[in-house]
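For reference, chains read A, B, C and D in written order, and residue numbers begin at 1 within each chain.
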Amino acid sequence: MKQGWFTICENARLARDTFRMVLEGDCSAVGGSGQFVQVSVPGLYLRRPFSVSDRDGDRLVLVYKCVGQGTAALVAMQPGEKLDLVTGLGQGFHVSAAGKRSLLVGGSVGTAPLLLLARELQAAGKAFDVALGFGDIGLAFYVNEFKALGAQVKVATQDGSLGREGLVTDAIRALDGTYDYYYCCGSKPMMRAVCAALPFDGECSMEERMGCGTGICYGCSIPTRSGMRRVCADGPVFRKEELLWEKI
Amino acid sequence: MKQGWFTICENARLARDTFRMVLEGDCSAVGGSGQFVQVSVPGLYLRRPFSVSDRDGDRLVLVYKCVGQGTAALVAMQPGEKLDLVTGLGQGFHVSAAGKRSLLVGGSVGTAPLLLLARELQAAGKAFDVALGFGDIGLAFYVNEFKALGAQVKVATQDGSLGREGLVTDAIRALDGTYDYYYCCGSKPMMRAVCAALPFDGECSMEERMGCGTGICYGCSIPTRSGMRRVCADGPVFRKEELLWEKI
Amino acid sequence: MGKDLSVRLCGVKLRNPVIPASGTFGFGLEAADWFDLDLLGGISLKGTTLEARPGNPTPRIAECAGGMLNSVGLQNPGVDALVREKVPALRKRFSGAIVANISGFSEEEYAAACAAADRCADIDLIELNVSCPNVRHGGMAFGTDPKCAAAVTRAVKEATRKPVLVKLSPNVTDIVAIAQACEDAGADGLVLINTLLGMRIDIKTRRPVLANTTGGYSGPGVFPVAVRMVWQVARACRIPVVGCGGVRSAEDVIEMMMAGATAVEVGSENLRDPQACPRIVAQLPEVMDRLGIENLKDIIGIV
Amino acid sequence: MGKDLSVRLCGVKLRNPVIPASGTFGFGLEAADWFDLDLLGGISLKGTTLEARPGNPTPRIAECAGGMLNSVGLQNPGVDALVREKVPALRKRFSGAIVANISGFSEEEYAAACAAADRCADIDLIELNVSCPNVRHGGMAFGTDPKCAAAVTRAVKEATRKPVLVKLSPNVTDIVAIAQACEDAGADGLVLINTLLGMRIDIKTRRPVLANTTGGYSGPGVFPVAVRMVWQVARACRIPVVGCGGVRSAEDVIEMMMAGATAVEVGSENLRDPQACPRIVAQLPEVMDRLGIENLKDIIGIV
């Protein structure tokens, strides 16, 4: 965990209401995929959590969707401006858990952290394919990035404007392969559906509204098989068998 | 009264803890000497009032002393940055009240609005001299500006490091001339002393901590001969005979 | 565009729910220099007492993180000047609802001031500020005790036929008990909230910033307390509630209305931004469109 | 440099007056990963009850202009786990004052939890959180009624020989009456303030932001209320007062102490800035120099 100032290098639209921000600064604490940073947005009190979507040396990439006050303020920021970040938060994806061939399942902006995960899997010599779900073609992003990594990529959109019409579970069905582990990030209903649909082991990156992001306020706790756990410090990534979907 | 954004053109040290800021924007409401502007300082709730010290077309000059949070934040601002101002506030100095030869009496940063007044008197063809009081030579400013307008200028400092040792009343005594009206701006004790010392008519620019600056909150009221008056809207400049020094 | 923003408050039609709050908008006329007052739903005038009062010594204003403190102390020219000069002058420039905000230090004083206001045809609503200390009852504010609040409401209702809004103090353990006591005593509506009692110290001089030591805290920092109290009271009472406290934007107005407010007062924001009220009124239609709100009346207490 | 920042609180020497507030610093050990805990005067642990509690449903956190709302709802592993695991583990990394923050829903529950804490040698002070609803007394918080607050203080004082600080709720009409009742019942000190009750509404979904509807408001926006209450209570009571509420900087610590606080708790700011407490401690000597303060003890209640 480290607090520091980062300079905005890029901040451009990636899809509808979705933006990609490249930040440069001390990335020594940033950690692996599934971990996140807490961004202090000028004028707001609480920091806002964002997964690290990609990383290159002392640069990190966030992909964020404009949904409220804080993200709207981020959209308005210009390259050259600085942001106060706390980096290196949370327990990320377990690359070592991957088996023969893994399935990466992303829903909407939950696709963001899967890119860094894909790079890590590739670096570790582990095979994977990707299933993505978006509202419509205008919201889709990263499809080509995953393809460029050699993965089979299937997409489902709710209106059929890209890939299959349907949910991400339909994209999973469209994939041609046998999988023994999955990594999932998206909305709660989406992840619940994925956990219910896939018979093999996997893990999910959970989302809760956060206070501290560092594990001290207990604002983000969810019920798990091993009791109440903090999404920020005990997660955000939890193994499927830990999650009590019926109580979340 | 007008609200608008001004761009900082200059923001440089003028004397110890004292800064001169040149702002460019819509000056159509700015008005005459003794009137003031309310500056919204980023991060603070209430605006801060500052007299207009000088004016040239669509540029206005503020001279401010760093005394707290708001003024410290102003010191840190850079040319090119923008400030939200409400301009054209208050009742300023009455140039038409000047007689044969007027006395301008400034104490510390209270000297600021007297420069614009001096220009107005000159433009109106009215003669004047200037008496200034400062803590020490390091805090003094505008001495040469007044001299450049052809006025006799006398200064007193508390430690004698510039001009006479003493208070502004000592500077007044050092002036060589006969006066029939005075304009005064400074701290309350200083203005009280000046009003007591000078037997002829005059006016003072009063200072109170302000809420609105526009006359709607009654936060800045002082007792006067015609009842409670708002410094921001009924002043800041009040005629000597209005002021109830024994109650202020 | 051309959206109907009107609401009804105690039988008085407001062309929109936005009312500058008492003490933050003078006697109304001041702002006529910088915007058309008829953009407002109503105007709550500066707190007025039976006799003229000079108010507290200065400094009366302090800054704090979430807003400001004030200890103006009810400086006002007395109810006769209000009724004879201030209100008629305002009526010439403003056709909306004029709210007379009345304070006092005994029931009789409240009643007498309201009786005077009652005789003024241009006053549409009376707003009782019960945050003042009750000199006879040990100096605790009228609004901090259900019995005192009810007694003053009753006394005033006998003195006027105009609708009476009771403006409650938030510095209490049980706001609902006080609201219900006022409702039972005949109040036609409630306004929540007045200022929170606060204090700041100048650490350089080691003295309180305000000459009066403590003062009323207002501004954005009191908004969550105001929303909570509006919600609690609107659920517990049948009479309409006017929301007040920390409102800065059309979004805040809508949040207050969703909590249960029929109209919304804007206070300190007028000090920071002299165009606050017309700006908020102008934003309302667009924000309503964005949120799918057809008519403001539909969202009152919807949460 | 090398300035003595120490203060004494109920006979316990603190190396400086800065204490992270309960609920905003976990069980202390979490932050040991990012700074040396021995920089702190004391640590107030997360609110603990006799039995383990899962807390409220999420979302438990909301943003507001002056800070935040929380409805964590006392999620905790119970006092036995506190005494057996949390405190001994913390003691290995921290030599300063450990404050156990105890909550309950009946006098007996408070007393039993405090009796358990009493048996733990590593706990230096007990902090009673009396903001919890009294299930037997109609659900009003213990801390909103002088009699209830006194009764729970008395019950706890019988259950422990450790110094007991009573942490008061600000959601009351008369904070001084409650403080005095606790003092008379044997409290060794007082902590002011807990959170203000607040609420936010998500105007898009038309639902409260918090799953629990209302929540505790904390952060810079409560500072003026906290300073006022500390000042009122410190003047009225002889026992020491710990200031809490909205503190963000060394200047705020000094303002609280000038208002009458012997030590100062820092809450929400730990959430925003994980280095908040060490930063404030580090700033203190410089700010003291600037203000001509030789010894912090000299400024307690100086205003």
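Odds and ends about this structure:
Convention: a contact is a pair of C-beta atoms (placed from the backbone, for glycine too) under 8 Å apart; a residue touches a chain by one contact, two chains touch by 3 or more.
From a predicted model like this one, the values you see are computed outputs, not experimental measurements.
Separation of chain A from chain B in touch steps, taking the shortest path, is 3. Any chain touching chain B that also touches chain D appears here: C.
Rounded to whole angstrom, the centroid-to-centroid distance between chain A and chain C, based on C-alpha atoms, equals 47 Å. Averaged Cα coordinates give chain B a centre that lies 36 Å from the centre of chain C.
With centres defined as mean CA coordinates, chain D is found 34 Å away from chain C. Residue positions 64-67, 220 of chain D each touch two or more of the other chains.
Taken together, the touching pairs link the chains end to end in a line with two free ends.
Contacting chain pairs in the structure are A-D, B-C, C-D. The touching residues of chain C, when paired with chain D in their complex, are 64-67, 69, 140, 144-145, 171-174, 196-201, 203-204, 206-208, 214, 217, 220-225, 227-228, 231, 246, 248, 251, 254-255, 258-259, 291, 299, 302-303. By the touch criterion stated above, chain B contacts chain C in their complex at residues 1, 3, 40, 44-47, 69, 86, 208-212, 214-223, 227-228, 233. On the chain C side of its complex with chain B, the touching residues are 23-26, 30-31, 33-34, 46, 54-55, 58-68, 70, 72, 75, 219-220, 268, 270-275.
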